[in-house]
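What follows is a group of structures, each given as structure tokens.
There are two complexes below, and they share subunit A, which is joined by subunit B in the first and by subunit C in the second.
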Partner chain A sequence: MSLRADQIERYSRHILLQDIGGKGQEKLLAGRVLIIGAGGLGAPIALYLGAAGVGTLGIADADMVDVTNLQRQVIHFTPDIGKPKVVSAAEKVRAINPDVTVHPHQEWISAENIAGFIADYDFIIDGTDNFATKFLINDACVLGNKPYSHGGILRFDGQTLTVKPHESACYRCIFSAPPPKDAIPTCSEAGVIGVLPGVIGTIQATEAIKYLLGIGDLLTGRLLTYNATSLTFREIRIQRNPKCPVCGSQPTLTELKDNSDALNVCELETT
Partner chain B sequence: MKLTVNGETREIAGTESLNIDETLVTLKVADPLYVTVELNGTILEREAFGTTQVKDGDVLEFLYFMGGGGQ
Partner chain C sequence: MTFVKTKLELEKLIAGDTLEVLLCEGEPLSNVPKTAIEQGFTVVENVHVKDNVHKLVIQKREGSPA
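Now for the complex of A and B:
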């Protein structure tokens, strides 16, 4: 694949970068990223990856745009209320960059369908709002050997971690099992400052771009935490846990299961 | 004893050793049932909280679930 004249112009600020150049931009255009969740985190992720010219973006979410989303889910506009989030998100990405092929998947991710979804992509991004899906994404990516980015936000705090299965710590190396339903407050119950997913999601998008380019150091083996109130970032070194139920030396989790007890952390928000 | 907790120095007066469960209570950690504890770089099994002692100079990280992001 070689770049067209209009692409050389569109991506000129990338091409100028020594670590990207024309060859790197071609890698991005050939790249395939699946974004699970088209909400707070998914919004900046999809906008920036689309603008960057990541050639194929899958966006999975079964939800509709709600007025309470608009305080932070910047890919959805007021006239989009009531529209499927994946349709709204796909329209914006295509409007930003017609080079991008967007695959909107208007369904909930489950143990049944996740392996089929992730198989088609190079890098997976967790932009979901519930622990059931967060753990499922981790397990599917570890078992399917797909690199992925975890992101989570609450109130004024965020965290993110990139996982290269069997090379770096996974989400279950830190948190061995989902918390019981209702144990941890949700964004709808506890609130979230609207700019927070912009910070964390943009970091997650950066990781996808670096992975596709094969440059730099990924956020593996370290959990990045962010507190907006004190404006502090912290990095906590995380070693692989030999007793991890999915990537440890004697895994107990060898097939995908829905973590139904932990379902729908932020479900209340739209009801 | 002095501990480094999530990057900050915390002084626990009047004792030279506590187990993890006692430390969580003493430091008033929120949601102690759901916090992951890393002691000097190693993540601890929850079952070991009662039998693992912390001592002066130890480095603790309390890691919390953050589930939001989508809706």
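Now for the complex of A and C:
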């Protein structure tokens, strides 16, 4: 692949960087990233990865744009209310960068379909607000050996972790099972400051770009937490758990299943 | 954009090869040699050719960006 004249201009600020250059930009254009969730986290992730020229973006979400989304889901605009989120998000990414092929998947992710989705991508990003799906994404990525970025937000707090299956700690190494339904308030109950997904989602997009380029140190083995009120980041070192039910030495979780007891979803509950 | 295009050509070379670039005076002449050195290349020649045009010879060395 060689860059066209218009691509050289578009990506000139990347090409100038010592760790990217033309060859790195070609890697991004050949890269395939699946974003699960086109909400608060998925919005900056899709916008930045699209602008960066990640060549193929899958965006999965079954939800429709609602007026309560617009305070933080910056990829959706007021005229998009009522439109499928994946359609709205795909339109914006294509408008920013026609180089990007966007595959909108207007479906809820489930144990039945997730393996098929992630198989086609190099890197997966969890942009959900739903414990059941977060655990499912972790399990599917570990079992399918796909690197992925976990992200979560609530009120003024966010967290993110990158997982390289069988090399670094996974989400279940830290949290072996989802919390019971209703144990944790949802965003619609507890609220979320609108700028928070911008911070966490942008870090997740950075991880995807670094992974595709093969540069830097990924956020593996380190859970990064962020509190917006005190403006503090904290890094918690985490190691692989030999008793992890999915990536431990004697895994008990060897096939995917939905955790309906843990269904605790911002977007789902507002629809 | 001059260094962007220069860098793309430098990436195609192997260590030890040189690239000849004709530059206009002003911003390109002030930026390209400086950035090439910052990014690990060697400027082996920088001469005035004619009018406001300069010739720059840049060498890719071991450890220069791929």
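The definition used in the following text is that the second predicted complex is superposed on the first by the 266 of 271 C-alpha atoms of A that agree within 3 Å, B and C clash if a C-alpha of one lies under 4 Å from a C-alpha of the other, contacts with A are read in each partner's own complex, and residues count from 1 in each chain.
Note that in this section a residue touches a chain if its C-beta (ideal position, glycine included) is under 8 Å from a C-beta of that chain, and two chains touch if they have at least 3 such contacts.
Because the structure is a prediction, the values reported are computed rather than measured.
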If you stack the two complexes on chain A, which partner ends up touching A:Val195: first (subunit B), second (subunit C), both, or neither?
-> neither
Using the touch definition from the top, say if A:Gly22 reaches subunit B (first), subunit C (second), both or neither.
-> second
Touched partner set for A:Gly127, first subunit B, second subunit C, both or neither | first
Now for A:Cys173: first (subunit B), second (subunit C), both, or neither, which partner does it touch?
-> first
First, second, both or neither for A:Ala119, with subunit B first and subunit C second = neither
Subunit C-contacting residues of subunit A that also contact subunit B = none
Any idea which subunit A residues touch subunit B in the complex?
-> 37-42, 61, 63, 66, 69, 126-131, 134, 151-154, 157-159, 173-176, 179, 183-184, 186-188, 192, 197, 200, 223, 234, 236-239, 241, 243, 265-267, 269-270
Provide the residue numbers of subunit A that touch subunit C in the complex, in ascending order.
-> 3, 8-9, 12, 15-16, 18, 21-23
Which part of subunit B faces subunit A closely enough to touch in the complex?
-> 6-7, 31, 33-34, 36, 38, 41-43, 45-46, 61, 63-71
Enumerate the contact residues on subunit C facing subunit A in the complex.
-> 1, 3-5, 7-8, 11, 35, 39-40, 65-66
